[in-house]
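These are the structures in question, set out in turn.
Each of the two complexes below includes subunit A, the first together with subunit B, the second together with subunit C.
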Partner chain A sequence: MLLQINGQNREYPAPLNIVQLLAHLQLATERVVVELNREILTADKLADTQLKDGDTLELIQFVGGG
Partner chain B sequence: MDQLIIAGRSFNSRLMVGTGKFASNQAMVAAMENAGSEIVTVALRRVDIDNPADSLLSHIDRNRYLLLPNTSGARNAEEAVRLARMARAAGCEPWVKLEVTPDPYYLLPDPIETLKAAEILVKEGFIVLPYMPADPVLAKHLEEAGCATVMPLGAPIGTNRGLRTRDLLAIIIEQAKVPVVVDAGLGAPSHAAEAMEMGADAVLVNTALADTPDPAAMGRAFRKGVEAGREAYLAGLGPQRQQAEASSPLTGFLRNN
Partner chain C sequence: MQIFINEQSLKIQIEARLFELRDRHKPDADLLIVNGFPVSQDQPLNDGDRIVLIRRGEQPTATELEALMMARHTPGVHAKIKNSCVGIAGAGGLGSNIAIALARVGVGTLVIADFDLVEPSNLNRQQYFIDQIGLPKVAALRENLQRINPGVRVTIIQQKITPDNLLEHFSAVDVMVEAFDAAEQKAMLISHFLRSCPQTPLVAASGMAGYAASNSISTRKMAKNLYLCGDGTTAAQPGRGLMAPRVGIAAHHQANAVLRLLLGVEPE
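And now, the complex of A and B:
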């Protein structure tokens, strides 16, 4: 299935939930805020959320800033 | 004890620091520690999924510092609100430095979009600390909208030019019923001291600590500047005069005529 992550198109095999995606990308779940199809997901929803073809994800983290 | 109170929460430090632009995480932590800060700002950006790099949060002790996410990058109210909600979803306490800066050259805050976003975020239960132009009328609107502080700029972000807006800052300080945090443009401890002498409740500094060979030392210097300014303000500064007023006695001169 085709996913758009942070503006980049990527192919992934289904089924895939968000926790699995983050593990694949080597991103700790506590570090990332996930927005799926313009909806912000809380941490408890990540394992239950199955991704599907055409989903758009934003993976956001805290960085230094003033 | 002279404490800074924001949204019912007490702080000993009146020096907030930003975490951006440091040469290393070690430099950032050293600056924060030496500044004695209790509130630090952070930003929200996309993870580089090809090259995730180090996580900022692993370097910041959440027991020691209150994280204040900013909405930097937002060009309008909608983008700012989106960022604030993301920070909240990350498990942060709902404090947000509201920052809406559509023009990348001067990074001046958009007054209309800032007020719009503030109204939305206050209704959603955020504790909103709005970065704003030094406009006393806007400060009143933001206060009435329920913001926990107002944060007028001294000069554009990162310019180190000090209190270019000082006359308007004085009016804001005089009229505000919420704490006034002078944020942006402070480049030297003397700038921070001056803001505190004028009666500001706190200052926020980033570039001045990051853009120096010794962030730890600069953190210490700013800490002293803020404390000095606050102490002078509480002690009561004397008036400025036109005419000289002698410091030594006017009688008993050793003179022959």
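And now, the complex of A and C:
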């Protein structure tokens, strides 16, 4: 299936949920804000959300400091 | 003609001059402010002028201070800011600087949450004083904000913000600010807040440690109603600490983004 991640088209085999995608991208789940098809998802929903062909994701990674 | 003197409306004769007005209303005033600007020479007054007469050392009242700020900001801008409410989650290097900038600009209500106490190491970048060590940060910050602008209403929450209490404190704000230190807390606040309050803009920060280039810190729109300030990558770590200048730059990017949102202008 084709996913658009932060503006880039990427091909992934289905089935794939968001936790699996983040692991594949080596992103720490708890430090990322996920927007799927223009809707923000909270961390507790990531494992239950299966990705499908044509999904658009924005993955915003945060670093510590403030 | 009509003028305003220390915010009170007053009818005066057409040829009236500044020094004459001072002598009549506050002869001991040694600071004369006309339409927001300090003036040392006598001058004719014009219809609609706003005059503030101050004696140095004597504190202006909250209303007088507001009149001064209003003149600086133009009345329309001031009214919008004054009637707004901004939530700030975190009162460390980002939050304390943001709160002070917003209080100075005259934001009407600030809701500030932090569970922490002021520690000596905080003084390298956070807006506290040495005699405030050991105080809850929110209490110390409220005290400092009220010394700057007593007209700002400051609501403080001394507890850890979680998905369960987030909305109780922040659901009614006009703009929300993420000012936490830990990346996990940042992501938690942003995702839960935007999920529950998708119509409220949120200004967050990520990447401001060390002393890398000032100009690598920017303000970007990341998603609907999510604005992110910082360089996005420079994490605090051993050997690359959080320091006043760069944390201050990021904090003021956030404060300016808040101000623009309150005034209906897209942050950038």
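As a working rule, the second predicted complex is superposed on the first by the 62 of 66 C-alpha atoms of A that agree within 3 Å, B and C clash if a C-alpha of one lies under 4 Å from a C-alpha of the other, contacts with A are read in each partner's own complex, and residues count from 1 in each chain.
The definition used in the following text is that a contact is a pair of C-beta atoms (placed from the backbone, for glycine too) under 8 Å apart; a residue touches a chain by one contact, two chains touch by 3 or more.
The shown structure was predicted, so the numbers you read here are calculated from the model rather than taken from an experiment.
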Contact breadth on subunit A, by residue count: subunit C or subunit B: B
Partner chain(s) touched by A:Ala43 [first = subunit B, second = subunit C, both, neither]: both
Partner chain(s) touched by A:Pro13 [first = subunit B, second = subunit C, both, neither]: neither
Partner chain(s) touched by A:Glu35 [first = subunit B, second = subunit C, both, neither]: both
Partner chain in contact with A:Leu59 - subunit B first, subunit C second, else both or neither: first
Doubly contacted residues of subunit A, that is, touched by subunit B and again by subunit C: 28, 30-33, 35, 40-43, 58, 60-66
Partner subunit A, residues of subunit B touching it in the complex: 18-22, 28, 41-49, 52, 55-57, 67, 69-70, 72, 85-87, 89-91, 157-158, 184, 204, 206-207
In the complex, subunit A residues that touch subunit B: 5-8, 25-28, 30-33, 35, 40-43, 58-66
Subunit A - residues contacting subunit C, complex: 28, 30-35, 38, 40-43, 58, 60-66
Complex contacts: residues of subunit C adjacent to subunit A: 90, 92-95, 163, 179-184, 186-188, 190-192, 194-195, 198, 204-209, 222-224, 226, 228, 232-237, 242, 247
